[in-house]
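Listed below are the structures to be examined.
Each of the two complexes below includes subunit A, the first together with subunit B, the second together with subunit C.
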Partner chain A sequence: MTTVSRAWGRLTLPGKIFFTVVPLLLVLGLGGLIAIMLLGPLVLQILGDNLPLVRFVIAATAVLLAAIPIAFLNIFMEMKVIAFMNLRIGPDRVGPWGTLLSVVHGLKVLGKEDFTPTGADRTIFTLAPVVVFLGTVMSFLVIPFAPGLFGQDFNIGLLYFFAVGGLTVVGLMMAGWASFNKYSLLGGLRAAAQIVSYEIPLTLSVVGILMLAGTMSLNQIVLNQSGSFLDWYVFQQPLGALIFLIAITAEANRAPFDLTEADSEIVAGFATEYSGMRFGFLFFAEYVNMFIVSALTVTLFFGGWNAPFDWPFPISANLDPASLGIGLLILVAVVPLIGTLALAAPFWLMRSSMPTWQALVIGFVLFNVLAVAAVLGWAFVSWEWVVGLLWSMIKAYGFVFFFVWLRGTLPRVRIDQLMNFAWKWLLPAALLNLFVTALAIIVLGR
Partner chain B sequence: MTGVWYVLGFAFAGVSFVFLTIGASWLLTHRNKGDHHKGLPYESGIDTYGDPHARFGLSFYIYALLFVAFDIEVIFIYLWAIIFKDLLLGGFVSMLIFVAILMLGLAYAWRKGVLTWR
Partner chain C sequence: MVTHSRQPSADDPRVLLDQEIGVFEPVPPYPPRTEREAEFYTLGDGEMFVNMGPQHPSTHGVLRIVLKLNGEQVVDLDPVLGYLHRGVEKICENSDYHHIVNQLDPLEYISSLFMEWPYVQAAEKLLDLEVPRRAEYIRVLSGELNRIASHALFMGWFALDLGGLTPILWSFIERDEIVEMLGALTGARMLFNYFRIGGVNGDLNHEFMSRLGSWMSRAATQIEANTKLLNENEIFVRRARGLGRMDREMALRMCVTGPNLRATGVPFDVRRAHPYSIYPELDFDVPTRTEGDSLARYLLRVDEVKQSLRIIDQCLHQMPDGPIMARIPRLIRPRPGRAYGAVESPRGQYTMYMISDGTDQPFRLRIHDPSFVHLGSVGRLVPGNLVADTMAIMASLDPVMGGVDK
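Let's look at the complex of A and B:
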């Protein structure tokens, strides 16, 4: 026993971690394999009997997990893109080009003290971030990202989106009121007044699309826009698209309409008294909302998952890896080894100063990059939804970039200008768009 | 019916996600009651003056009232828009009248200066 403990004491920290993690992984892996072999058929049968439930669990997990990297990516884009617009470098320390900085921010927020002010209404103060987050993440349910890749295809999809999006106002007002702070109260009220005012032009600007499509199901609206990019509704509804973009910027509390958290006027608005993870969720919701808003714009006006033109060279191959049978196993076992060695060889031969293990690590990393690229390429040619997902993501991130660009370019508006613009310009313009579209449908007959 | 369950289940999943994360953060972090000043409302560094639930402008309230009127209008217009291709001219004229009446209300509010922020 003493020899073991003495040997353990001599190990460095990485060694200790290695010698605890590897046996643990071995035991867990073996146990898992045996469990799969014994219980696999039974579990599969139970899952097969409850397919809708399985689909729901997968959808909910996917959406909640996808929200995290989406928010991180949006925060990173905001930092980096605005930095480049200001002729700065921006984050560049953590990870390649600073990409991991937003992850570090997230972890930092997780470890901060979560403090409730003395005068605050404890229950509502805690519930407010929940309601705000719920309002944004539940909108995910109806947005179609690719053919067959959506939470649920409601026939009232668009109405559901606006209804659930309206929850955000309630959450912001709760946060503003419960914080027991003048800045928060003003911020919450401003948020309510602004979102409520812009909700009217926003909801009216999409009526033209509803008339053209004859349905509120977002999936059907995207299907109606298939074909070339000339079939996208933005070309039939240019005024509607413009009003929608302006109103949705105000809905998402983005600059130039970010009066609810105008730091030069009311500190941080409704978020002034928040700290720790509750503050984190208010911001998380805001950045997820930015993505959802972009995705909705793409879905309604820019063809959703449809490619802008018919791909002139139809690439679709039917590669079925299962047809290789036992050969697949051998392939999986042998190819990484050979690939790693083959990719490591040039480095090992060309640079005699490089240690062998470094060349091997480089070869392994390169091989993994190539393997991931190969698998993605295989998915791209095999499944239609991968192509659709790619297109909708490219377009949605185009709009995320657009919103960041707005923030980097435009100054904040005054609150009287904000309210006047909604009620005196956007609302009549949206009604004009509605009636012009109706007339066009009557005259053109389609 | 599955749709309703989807929405409810999704809301439950979202709420539990938030509470689990906040709970994890609560377990990870240190907590410190601090002295009297830590719990005071933030007011740019000075002690708070007066009631933090202060008075605020009436304009917020009036905008909310206008919103209710127009949001109900939007619900009507949505239903009308979906079946518009079957209604055509008759639907167009009746919606014109409906919106004209509402616009009368907006014009009144505009004339009264309600839409101008004060």
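Let's look at the complex of A and C:
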């Protein structure tokens, strides 16, 4: 034993990692190979028999996994954008340009003590973040990001979204009640009042779209908006879009409607007594929710994954390189150069301390990564997925930016103003929108 | 009525051992001492106590307010003071006349110069001292700068208590500029310890003047741009308008001074009403507003900043040459007697009343702080409002807890 441990102690850190990881990989690889050879056909058989279930499980896993980087990105965006609006620098220590700070935040939250306050209802207190997180993330499932790229295409997709998204308020109320804290209680009650009130104009504002589209499937709604940007529903339903945007801001508990966690009034609202990863879940859910409501706004009103105009250079998958002739040579000779320079320019401009060659190297590497991603997307996924994902992400993050911008600019409304606004203004406006839409459909005979 | 059993001490850890673990009720561990206390600590139907502070994220300083809530509405409230009490008045009675300036600074940690000013005024009256004109100009100049710094911070705070995130950081930029230049002048960024009996501690220096020059050239536009974020914001205006409305009668009866009084329409400014220093020679207006609500208090302070800029401009143009300190002995023994000093601070009228018995220490130094008076009116303004506005109303009165607890 001493011989082994002494030899182990003499190893450097890379050596230690190497001599643990490589045998492990060998064993796992060999074992996996044998398992696949023995059990492969059987497993494939079982999977093939339950294809819808398998699809659902894969989609749910993918959605849960996607939620984490999305939340990290949103948190980073919130920190950095608000910092710029406040004329601060914001995070700039961890990772390039502070990009890894939200990862560190996640680790920090994991490392914190996870305590339950005395007198709290332990079960409900523990369950509340789970309900909030699940309610948020599962509403992700129906949002289409590219043609054919969605978790599930229900024919009642929008209804599912509102139903599952409405679960979060139950979680918030559970958190508020179980914390055994009056500030939490106030926060939970505010959440209940606010979200339930805003659900009504929110739902009514999309009924106009449902009447126009004739379907509740989000995928179909996006398909209906294909063409140029004039076909987007925002131009047929401007009032509906406005009401929807306001109501969804309140629904996502974002400023200026972030009354449930108003720090200058009720400390942290329902999250006052939470710490550690439970708080992390509540926090995560909020930021994932911000992305989801942005994606839903884009899906319903801004054409989803449709490009705002016809792509001027149609790239079809069955492109024949031979037909390009001398054009191919130009393409190969010019595009990498321009791409490298274009990607290097922002880095070179942003940091005066960066030497030119460093910026060029970064640009070259980035261009290669993008080129490989594009080729892989073209070859293995489909070009539509890549372009659709690009457009839907650009639009969705545009709205994430919009929500962050609101947070940086506006003070908070009072609870009575909030309620007045929902019931006296938004609800009649939504009904008016509904009425006008119905009238237009009848008169124009669509 | 909530009943209490007599307990050894609220801090005794043995108390916790016997106690049944339950919700913390902010009820004092002794039987009510006054009728008012008994009335306040009796819960009505559907009411609950909420303990706001001293660790609430938006209390200004270490103030604790026990709120009696009915739902979201504040029924009644009870401010609990004393978390910052250090007995400064008593310490001053045992300090040399020169040392007292240093003791007074932390009472007003936002604009320290205005706490030093009434003291040196009172001491100079006792000594029948003629302060050099240059010293008076420097006092006014630095004081008005400090007033702008304080008002800038107020605007940010007020917005922060209404939920705005950005204004506080923008106003801190302005405040930081001013504090940096005052730091160059006085040697400290926060507790300046700058005024002396008979003058000021140091003459204007190059760094101060260059910082001031570059700041003055853009101060007006900068402050205008900062306030635009709030003044033209519908949510802010709708929340602040009519919030914590104080009428003229009430303000006068509660001895409210400063911007809070002028926002109710009373044009009382110590600088004009009981002129001191070189203020009679300077040309500035006393802005007033008649609404008396939080918005009026906020807008009035914006106007005051503009007037302060005017005063600074005049000071810089009329700055005379000469000494900055009167010739006074190291050890001061004023004649026995009483003296009164009052200045107009960003918060109101700071007053000191000093009794000398002929020794080198004052017999009695009474500090009157307007923040204390203004906090007293919170009990009138807040009940009936929502819990969200409690801190906003308090912020609109702009108290500094250092002077409240002394």
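The rule is short, and it goes like this: the second predicted complex is superposed on the first by the 325 of 446 C-alpha atoms of A that agree within 3 Å, B and C clash if a C-alpha of one lies under 4 Å from a C-alpha of the other, contacts with A are read in each partner's own complex, and residues count from 1 in each chain.
The rule is short, and it goes like this: a residue touches a chain if its C-beta (ideal position, glycine included) is under 8 Å from a C-beta of that chain, and two chains touch if they have at least 3 such contacts.
Nothing here was measured: the structure is a model prediction, and the numbers come from that model.
Once chain A of one complex is fitted onto chain A of the other, the partner contacts of A:Thr118 extend to both subunit B and subunit C. Touch criterion met: A:Val130 reaches subunit B, while subunit C stays clear of it. In the superposed pair of complexes, A:Phe180 makes contact with subunit B and with subunit C alike.
Legend: residue contacts after superposition of the two complexes on their common chain; A:Leu64 is shown touching subunit B, with no touch to subunit C. When the two complexes are overlaid on their common chain A, residue A:Gly9 makes contact with neither subunit B nor subunit C.
Legend: residue contacts after superposition of the two complexes on their common chain; A:Val267 is shown touching both subunit B and subunit C. Once the two complexes are overlaid on the shared chain, A:Ile415 sits against subunit B and subunit C alike.
In the superposition on chain A, no contact is made by A:Pro96 with either subunit B or subunit C. Subunit A has more of its residues touched by B than by the other of subunit B and subunit C. In the superposition on chain A, A:Leu141 contacts subunit B only, with no contact to subunit C. Taken together, the two structures place residues 118-119, 180, 182-183, 186, 267, 415-416 of subunit A in contact with subunit B in one case and with subunit C in the other.
Subunit B meets subunit A in the complex at residues 2-3, 5-7, 9-11, 13-15, 17-19, 21-22, 24-26, 28-32, 38-44, 48, 52-54, 56, 59-60, 63-64, 66-67, 70-71, 74, 77-78, 81-85, 88-89, 91-92, 95-96, 99, 103, 106, 110, 115-117.
Chain contact summary for the complex, subunit C toward subunit A: residues 21-23, 48, 50, 56-58, 72, 159-166, 169-170, 173, 229-230, 233, 235-236, 238-239, 386-392. Residue ranges of subunit A in contact with subunit C, taken from their complex: 82, 85-88, 118-119, 180, 182-183, 186, 190, 255-256, 258-259, 262-267, 407-417.
The residues of subunit A lying in touch with subunit B in their complex are 52, 56, 59-61, 63-64, 109-115, 117-119, 126, 129-130, 133-134, 137-138, 141, 151-152, 154, 159-160, 177, 179-183, 185-186, 189, 192-193, 196-197, 199-200, 203-204, 207, 210-211, 214-216, 267, 272-273, 276-278, 280-281, 415-416, 419-420, 423-424, 427, 431, 434-435, 438-439, 441-442.
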